[in-house]
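Shared chain: chain A. Partners: chain B in the first complex, chain C in the second.
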Partner chain A sequence: MDFKNKLIRKSALELAKLIATGELSAEEVTSAFLERIEEAEPRLHAFINLFPDFAFEEVSRMEARFQKDGENTPFAGVPVAVKDDLSTKELLTTCGSKMLENFVPVYDATVVKKVKDAGVVLLGKTNMDEFAAGSSTETSYFGPTMNPWDTSRVPGGSSGGSAAAVASYEVPWAIGSDTGGSIRQPASFCGIVGMKPTYGLVSRYGLTAFASSLDQVGPMARNVKDCAAMLGVIAGHDSLDGTSIQVEIPGYSGMLGGNVKGVKVGVVKELAGESIEAGVLDLFNRSLDLLEGLGACVEEVSLPSLKYALSVYSIIASAEASSNLARYDGVRYGFRTDEPVEDVWEMYAKTRAEGFGMEVKRRIMLGTYVLSAGHYDQYYSKAQMIRTLIAEDFSSAWEKCDLLVSPTSPTTAFQLGEKLVDPLKMYMADMCTIPVNLAGIPAISIPCGLSDGLPVGFQIMGPPLGELKVLDVAYAMEGAIGFEEKTAEKVLPS
Partner chain B sequence: MRFETTIGLEIHVELSTASKMFCGCSALFGGEPNTHTCPGCLGHPGSLPVTNRQAVAYGIMLALALNCEIAPRSIFHRKNYFYPDMPKNYQISQYDVPLSSGGSLEIDMGDYIRRVGITRVHLEEDTGKSIHVGESGRIHGADFSLEDFNRAGIPLAEIVTEPHLKSPEEARVFLQSLRSIIIYLGISDCKMEEGSLRCDANISISADERIGTKVEVKNMNSFKSLYRALVFEEERQRSLLQEGKTIVQETRHWDESNGVAIPMRTKEEAFDYRYFPEPDLVPLELDPTWVEEIRKKIPELPAAKLERFQSQYSLPQDVAMVLVGEEEMADFFERSADSKASPVEIGKWMVGDISAILNEKGISIKEAPISPQMLGELVLLLEERTISSKMAKEVLLEVFETGKSPRSIVEEKNLLQITDEKELEKIIDEVMAENSKAVDDFRSGKEQALKFLIGNVMKKTRGKANPSLVSDMVRRKLSS
Partner chain C sequence: MAISEEEVEHIAKLSAFFLSDEEKKVFAKQLSEVLDCADVISEVDTSNVKPTSYITNLVNVLREDEVKPSLSIEEVMKNAPHVYEGVFKVPRII
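Then we have the complex of A and B:
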């Protein structure tokens, strides 16, 4: 195995250590991953924009900082990919939309700033469903991303680019955003680890809003420890985000013991039934046996209001999106129609008709409808009430269980184009992940095996701010499953 | 037919906080276009609002001053509509759970008091400023529009009244009283011409018990234009009703230069704002002790001051009202009345000569070179009869010219009144000797000759003689 292929197999934490001890230089690492990206991109299209020059400049800046202060930052020189809905100063941020094809932000998202401060080097911005509206990364204006396990299949979405980049060793870890499963579902489809933290744990400042009350930024990696380490980098209170929580951040990655003994795990009945594909359910059940073998107490629990979760989500997410996406109007920045227009109203209409894709328009129309006079009480207001019921169902579950589990997605990665024509089928891809966003709780997806050669994700949900507990059980399971060790060759060139 | 007019007002006040409502940009008026801006107030992707605590404090203070109940928990909503001066195409405002509600303000109409209910005081952000270039001067039919987002995001307090006002005059007095309160609170400069105080009105006319169809009138830029617009609308609606026609529920735009309110949009064309709770902000929960701290900071308000000025200083009501109407004037008066001079006289000078000079120079009392002590001194000189009132007027002008104290001006110019009877007697003797004909005339019964002689004495003393003393002395001399 050549130097590059050896290097890119390292975990983020291993790389950090090797760079810190001087065994590897940050340039070497950056070059190796950029080389890997160049090799894999034609087949995958995980990135919308790559910034190699910027990456090397970051490396020199970091080295200068190191020479001056004599103290290295914890993850100095480790590369990262960031989803293209996070604002990066002076670097294109498109949100996968024609609307922002040439948009260069004037500021860094808090998460991006934290990543930079930790010495992590941004290589590029990853592909995504347009404005995060989608579950397959197919609605991107820049074309779809392919699943590294089978390029005729989708990587999931909306953070499909980040998931594919991590799964194919283009980067050791990445950052995504999750509104209804947009980190966990692609993690599941691509066989990696992805976590959606408690709402408010990670700052949303600089995250292009899709549905503000559901959006949360989170880490994606090939193993739980890297995922925990990245969470430690990006979590924390931010005065620029009014919904940010004030709480101490534990050093997640250093606190993983993998102790599952006596942990009470509830299997959510509503998320593990007949709507789950047989192969997925089989692997899920085998993982439950494994959990029991590790000493956990596994029992079934019912959260009856979850049957409304998808409907509630469609209403609330679309309502918020319709308002959040109103700012893309051609007035101040971004795309503006070239067509002749009579007045500003026509300019708005043409700009938005040409600038937005089908799925975004569908959700804007749906959201506008549910908020409009005469429909608000019937839809939005009722959805909010049921959202409260869902949160209450989870609250009572925590009285009996430490954690809840389910498959991450009812299926494995589907064919490109398969569900694009049927939005309802597409929305079903998020049925297991959506309740978590509605309740604002943390959840992780870890790979639990292959079904017909495609990865299956196992979802672990925890109570608010229960990240450490979630990560610890995930860590224990990961060790027992040994997914990456067994499967790495399938996505890597020999 | 007897018609009843019903008016309710919706007032927007820009709060004079250092920074904007939901971002850290300067909230100062003006500046080069688009310089007081950031990703937040330009609606860039990913930017988030953070509530300005000072703006909340100002909102609470205003609500308390208008006797409102403060909601321990209120909610910000998004008001959604497209307009180029709105960076996000929604405005963060408050809707069904506002900061405060249920207040009132009593206005003094001279011969009666009108108690006006305050429906609510809530907080929101201002929009940017559009300049529509083209013949119409409005967005419809504009060739292009220029946008300045310096104003976008400046904190606004919105005050909504109950429909308790019964005439355009009451509406004007209400707005003036409200402005006066806000200036006393020091939370806004309330300059209608700069748009930091804006007023929309709802007006309806009814011929019977039923309330009429309301028409909203917008774009009134002064107290006078509010009054004119309402008078216009009152008359328009009245004549429609007299002709047996119906009134259309609509919004009208006041055109100040042509003196007409022109239709803007009907009820059917009104926006559906699709209000929903702003998910980027948590509900505004207020600590009751903080609200009490703010309550304690409320200064004496105009109504209380008016009462006190009349009782403490025995000021006539009209004088007290003028003084209280402007906080700077009231303060100046109180500091001036601290001297030995009579407060009533000080008050008269302030509403008379001083106000006239200020008006003429177009400056405020704060900017004037006269100090409260100087005015006290001037009135005292007058009361001691050291100078005549005619001279006092000249001295006052001199104070405004030079900024010197009245006493030093009087001394420098040798303006002290001649009250020494011996000195005066000498001058009177001279005048009588020079004008023997007049002396004879008076003695033969021509009363007018007396005035002629007094005038000559005043001339000889260059006005410094005390006129009543001179008059007494001349009369005495002539009859001896």
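Then we have the complex of A and C:
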């Protein structure tokens, strides 16, 4: 195996250590991953924009910083990919939309700033469904991303670019955002680990808002420890985000012991029934046996309101999106129509007609409808009340269980184009992940095996701020499953 | 809940974008399907339930009213599609 192929197999934490001890230089690491990206991108299209020059400049800056005051940069020189809905100063941030095709932010998202402060090197911005509205990364204005396991299939979405980049060893870890499953579902489809933290744990400042009460930024990696380490980098209170929680951030990755003995795990009946594909359900059940083998107490629990979660989500998420996306009007930034116009209203309407894709228009219209006079009580207000019932169902579950589990997605990765014409079918892909966002709780997806050669995700949900417990059980299961060790060759060059 | 093409046109107007005739047809069908599906929520008894808009219980997050550095005018205008003497330029308003 040549140097590059050996290097790209290392985990983020291994790379950090090798760079810190001087066994590898940050330049070597950056070059190796950029080379891997160049090799894999024609097949995958995981990135919208790459910034190799910026990456090498960042390495020099970081080294200067390190030499000057011996500053502690724990992950100095480790590359990362960031989803293109997070603002990056002086680097294009498109949100997968024509509307922001040429948008160059003048400030960094708090998460991006934290990543830079930790010495992590940004290589590029990853592909996504336009404005994060989608479950397959097919609605990107820049074309779809392909699944590294089978390039005729979608990587999931909306953080499909980040998931594909991590799965194919283009980067050791990445950052995504999750409104209804947009980190966990692509993690599941691509056979990697992805986590949506508790609402408010990670700052949303500089994250392009889709549905503000549901959006949360989170880490994606090939193993639980790297995922935990990245969570430690990005979590923490931020005065620039009014919904940010004031709470002590534990050093997640250093605290994983894999202790499952006596942990009470509830299997959510509503998310593990007949709507789950047979191959997925089979692997899910085998993972439950494994959990019991590790010493957990597994029992079925029912959260009856989850039956309404998908409907509640489609109403609330669309309503918030219709409001958030009103800012794209061709005045202050972004695309403006070149067509002749009579007045400002015609300019708005033509700009938005040309600048937004079909899925975004569909959601804005649905949101506008459920918020409009005469429909507000019937849809929006009602959905907000049922959201309360869903949150209460979770609260009651925590009285009996430490954690809850389900498959991450009802299916494995589907074919490109298969669900694009049928929005309802597409929305079903998120049925197991959506309740977590409505309740604001943390959840992780870890790979639990292959069904017909495609990865299957196992979802572990925890109570608010229960990240450590979630990560610890995920860590124990990962050790018992050994997914990456068994499957790495399938997504790597020989 | 069936949505007509006329209703679609009205919603598009509220959403501030034009639709082609083809789009109107597609959206009328798709929005009707999605709303049909969402109508299941009407069966839930929510008579004594308070709505949730945000899941955390934070209220009135306040800070000191201090002047802090902010973006320069140049930075703020940098991404504007049309600028005239330091202000955003738009077509006729009235």
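To be clear about the criterion, the second predicted complex is superposed on the first by the 492 of 494 C-alpha atoms of A that agree within 3 Å, B and C clash if a C-alpha of one lies under 4 Å from a C-alpha of the other, contacts with A are read in each partner's own complex, and residues count from 1 in each chain.
Heads up, the rule we're going with is that a residue touches a chain if its C-beta (ideal position, glycine included) is under 8 Å from a C-beta of that chain, and two chains touch if they have at least 3 such contacts.
For clarity, every value in this text was computed on a predicted model and none was experimentally measured.
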item	value
First, second, both or neither for A:Ala209, with chain B first and chain C second	first
Partner chain in contact with A:Gly242 - chain B first, chain C second, else both or neither	both
First (chain B), second (chain C), both or neither touched by A:Tyr107	both
Dominant contact partner of chain A by residue count, chain C or chain B	C
First, second, both or neither for A:Ala474, with chain B first and chain C second	neither
Touching partner for A:Met461 - first (chain B), second (chain C), both, neither	neither
Which superposed partner A:Lys361 touches (first chain B, second chain C, both, neither)	second
Partner chain in contact with A:Ala373 - chain B first, chain C second, else both or neither	first
First, second, both or neither for A:Ala439, with chain B first and chain C second	second
Contacts of A:Thr93 with chain B and chain C, given as first, second, both or neither	first
Where chain A meets both chain C and chain B, residue numbers	103, 106-107, 213, 239, 242-243, 322, 326, 329, 331-333, 343-345, 348, 368, 372
Partner chain B, residues of chain A touching it in the complex	85-87, 93, 95, 100, 103, 105-107, 109, 204-209, 211-213, 239-243, 319-320, 322-323, 326-327, 329, 331-333, 343-345, 348, 368, 371-373, 376, 380
For the chain A and chain C complex, residues of the former touching the latter	102-104, 106-107, 199-200, 213, 239, 242-243, 245, 305, 307-308, 310-312, 314-315, 322, 326, 329-336, 341-350, 352-353, 356, 358, 361-362, 364-366, 368-369, 372, 378-379, 381-389, 391, 423-424, 427, 438-440
For the chain C and chain A complex, residues of the former touching the latter	3, 8, 11-12, 14-19, 23, 26-27, 30-31, 33-35, 37-42, 44, 46, 49-56, 58, 61, 63, 71, 75-76, 78-82, 88, 90-93
Of chain B, residues touching chain A in the complex	39, 42-51, 78, 80, 82, 84, 87-90, 139-142, 145, 147, 272, 274-276, 279-282
